[in-house]
Amino acid sequence: MSLMDKLLDLDQRIIYAMLFIALAFPILHPIVLPMDIQAYSQESFDFADSIPDGSVVLIEGGLTAATYPQGGPGLEVQIVHMLRKDVKLVFFSIGTETAAWTVTAINNALARLPAGVAAENGVNWVHMGYVPGGESGTAAFANDIRSVKSEDHFGTPIDQIPLMNDINMASDFAAVFWWGGSEGSIPYGVRQIVTPFGVPMTGMCTTNEVPNYSPYINSGQLHGIIGGVRGSAEYEYLMSMPGLALGQAMATNFGGLLWAFLVVLGNVLYFIARREGGNK
Amino acid sequence: MAIIVEGRIFGLIALLVITGSIVYYMQKAYSGKIPKLRRLQAVDVIDEILGRCVEMGRPAYYLMDTVSMDTPSILAPTVAAFQILAYTARRAAHLGSKFFVPVTQGLAYTIASEVVDEAYKAENKQDELKLEETVMYLPDGADRMYIINHMWSDEMAGAFFLGSWYHKAVIFTENAARVGAMMLGGTDTTHNIPFLVAICDYSLIGEELYALGAYLSEDPTVSASLAGQDIGKYIAALLIILGSILITIGMDIKGLLSM
Amino acid sequence: MQIPIILTAIIGILMIIEFFFPMPTAMTSLNVTLRSFVTIISAAALILGTLVLTIYHGKKVGTKSSEWYYSIIYIAAFVITAGLGVINVRDTTFLWIYNNMTSPIGAALYSLTAFYITSAAYRVLRARNWNSAVLLVCALIVLLMLIPVGAILFPPVVPIGTWIRSIPSGAGFRGMIIGTSLGIMGLGVRVFTGRQKEHLGIREERRKE
Amino acid sequence: MDSFLLGLIAGSFVSIGAYSVLIGDNPLSKFTEHLYMGILGGFIFATNWNYVKTNAIIPVLQGNFVYIFAIILCVMLLSRLNTDWLWLSRYPVAVTVGAGLGLAIRTTVMSDFLGQINATILPLNSLDNILMVIGTVSAAAYFIFTAQTEGPYKYVNMTGRVFLLAAFGVTYGQTVSFRFELVIGRLVDMLRDEVAMYTYAMLLIIGVGLAYGYYTKKIKWYSGR
């Protein structure tokens, strides 16, 4: 077997090791490069910023352990953003794990809140917790919250929560923020809340899902979207609250460059091998 | 009170026209007029993959990834995957190929085990079937390690990736490719179809996944329904082209469509 | 044998009618109840699944079949977690196990995709013909657009990538989405008319060969 | 040692176990696999039991007898354990499939079929709009099953394929950078200052153990392909 063939059939474990090094290195030795704001992030931020003070907003927390490092910093900053505008927040999640991570986001955000901003559980925000049933569950929740939830995430009966007094369906909200992470659940919100109730919505998804939702953005069903860690980093930047997302955005540089290098290398070798094969 | 909910009139018309034409073609097939369909390569690939597994004496995996029975957008591809499973399991029983169907959701698990059980019964090979080893429930998430580990230790030779595929698409297909399996992949999820198309030997895109179940059916009325679906595509093309021409000359029909 | 098929059709058509026609409230609340039934049934099915899996591992230990010692780990982990959770789902130890064991493994497994995506790219993303060249070039441009440093190294990737992402890619996916929606409708008709019933485990009797 | 730090260390250890699957099937990955499956199984069992209890059993005990039907359907499912009663489990399946397909159809016709058509109706006054229309129509037409790939349709099919592949390429590229973010997120936790020491130590021990196993052929080494 020639060197060329060996390189073309490179043992996959060598590639894995290279990738580990490329991604771990920038974390241990951070390097910050300049960046510009993407249009979708700006649109989403402007939409959130335009929500009238004092209104009530519905937030789906769909981040998991895997997606929290990307979306979490953005969600935390958004909670701070909203509470500073005196916007009331109603959270819910369509997964059990994501419901727990939503609590983490709320706690982290409250810790970062400037002094003097009201953030009382039950008055300024409430977490309705896990709503099972995926899209059917979302539909049921949007039609009649009390039909699926009798208590919030922490076990407080819904009738004892002041914020929930006048709220029982999707049309009671001024907007929806759908932090879908990688759930692929943004269409649930579009189909079960935006289409039937006409409530405007924006959201967050992982970078890979952005193109799937661009049709919804073009048709006006979604007001921009926060895409992955870079979207979060941009929200942090727009709020002037730099955090974890900005650092990670830089580490993707190295992984991306390695990937591009490998693809180019694979093709160059492939063409050389094909030419040699053709000469034989 | 309006008879039809506002904003959904055209939706209802579209639904009635499309389902109507599907039923029409099925009726026509019932009286013997069967539309001529383009050959779908995947139909032959199933036998090819299973045959290869028999030859090498190694198992074939039938993977469906996310099989939620309560989320409509996942349920549809899941039902389609079950239809193909019914055929594939039967061919596996017929050819004598080892077969493995891990399922990550309880309800879907009960269905899959019944489908496979019936397939083996149909071929009179119940005694060759160890149902609890062939169809296995694995908690969603934990199936990733189980399947990767077993792909290597079983040295599986064939794999089907059909259903609603999410991030596991690239994990399983790349491992299967490295193990040396022959693969058929197909899904309707837009974000993971690229991996199935790029990595698998044969792939089904979007609607083809739904069509394959109909192709495999021996009931001619079922495959005839595909001709009805084609009417929908003609309608879509017509509406888009006509609408765009009209809007260019100043007539907006968008309001009509969202009536 | 016909009853489940008829039941499927009735419930399905009910869901569709409710959407298009204004319904008396009694009807809507019936649908709401039915939907909550579905969530309860799927929860019960998951309980069943874990039980079957545990029985399987129990048998493996009982018969000492190959690699049975791993099954002990499974059973121990299952019994401890399930036990703590059944006593109290808000138990702190239960949640600790979840947050610190399950979540990291889940995240690590999810992130395995990064490695496989890279090794797959090296192996299959080769310009073998025009079709694969299209896929390869689009992937490369979009990746460079997305990594923050890409715009600095090759400034044109941002406008080109944005264009590819919104126009050709948008058009391709729209076509695919339209096709898929027709596929779902076709499937619905076939299932509701009882022509395809494999999902109920009912086998088709007429077969060629 | 507080439970938070302990959690991070445990998380780091199980992550190494999960990543070890990259080498191929090995004892550490098998161990992690069974541990994970057990915990997750237990978690699923407990949360769903709790859900059934609060949403079906308690309402019945409180006098809301409608939910008795839900419980009956659930018990029917358990009949799966006995093959003679298998047919019973078809009823809950029929209910979920009927409801699910009905919901899917009613929404797909609105947002996916008409919604996408409506969004593609564009004035043909720019190259972008013309391409959008051609691309969408040809990609949809790619799936026409009754047309043979010959004559004029052959070119429509080819055009549709190019647009679909462009879409797939974009998603591939887009996914790559996102997956890196996932690894980075995990590495950030594993390499935190207070955990890094433990991570390195565990890596060393596991590395030596596996190397010994492979060297003495006690663990099977799968050759790369």
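Before moving on, here are some points about what is shown:
Labels A, B, C and D are assigned to the chains in the order they are written; within every chain, residues are numbered from 1.
We take it that a residue touches a chain if its C-beta (ideal position, glycine included) is under 8 Å from a C-beta of that chain, and two chains touch if they have at least 3 such contacts.
Every value quoted in this text rests on a predicted model; they were computed, and no experiment measured them.
Of all chains, B has its CA centroid at the greatest distance from the CA centroid of subunit A.
Simply put, of C-D and B-C, more C-beta pairs touch at C-D.
Subunit D has its Cα centroid 5 Å from the Cα centroid of subunit C. Centre-to-centre separation between subunit B and subunit C, using Cα means, comes to 13 Å. Centroids of subunit B and subunit D (each the mean of its C-alpha atoms) stand 16 Å apart.
In subunit B, the residues that touch at least two other chains are 8, 11, 15, 18, 68-73, 76, 79, 106-107, 110-111, 114, 117, 138-139, 141, 145, 167, 170, 178, 190-191, 193-195, 197-198, 205-207, 211, 226, 229, 232-233, 236. Residue positions 16, 19-20, 35-36, 38-39, 41-50, 52-53, 98-99, 102-104, 106-107, 109-115, 117-119, 121, 123, 125, 132, 135-136, 139-140, 143, 146-147, 165, 169-170, 173-174, 176-180, 182, 184-185, 187-188, 191, 199-202 of subunit C are each in touch with at least two other chains. In subunit D, the residues touching two or more other chains are 18, 21-22, 30, 32-33, 36-37, 40-41, 43-44, 47, 51, 77, 80, 86, 92-93, 96-97, 99-110, 113, 116-120, 133, 136-137, 140-143, 164-165, 167-172, 174-177, 179-180, 182-183, 185-186, 189, 224-225.
Interface of subunit A with subunit D (complex): residues 9-13, 16, 19-20, 23-24, 27-28, 66-70, 96, 132, 135-136, 139, 187, 190-192, 195, 206-208, 210-212, 215, 218-219, 221, 228-229, 244, 248, 251-252, 255-256, 259.
Residue ranges on subunit A touching subunit C, taken from their complex, read 10, 12, 15-16, 19, 23, 33-36, 64-66, 97, 100, 132-133, 136-137, 139-140, 143-144, 147-148, 155, 182, 207, 211-212, 214-215, 218, 230, 249-250, 252-253, 255-260, 262-267, 270-271.
Taken in their complex, subunit C has these residues touching subunit A: 28, 32, 35-36, 38-39, 42-43, 90, 95, 98-99, 102-104, 106-107, 110-111, 114-115, 117-119, 121-123, 125-128, 136, 139-140, 143-144, 146-152, 165-166, 169-170, 173-174, 177. Those residues of subunit D that touch subunit B in the complex are listed here as 18, 21, 24-25, 29-30, 32-33, 36-37, 40-41, 44, 77, 80, 83, 86, 89, 92-93, 96-97, 100-110, 113-114, 117-118, 120-125, 129, 133, 136-137, 140-149, 164-165, 167-169, 171-172, 175, 220, 222, 224-225.
The part of subunit D that touches subunit A in the complex is made up of residues 22-23, 43, 47, 51, 99-100, 103, 107, 110-111, 115-116, 118-119, 167, 170-171, 174-189, 191, 223-225.
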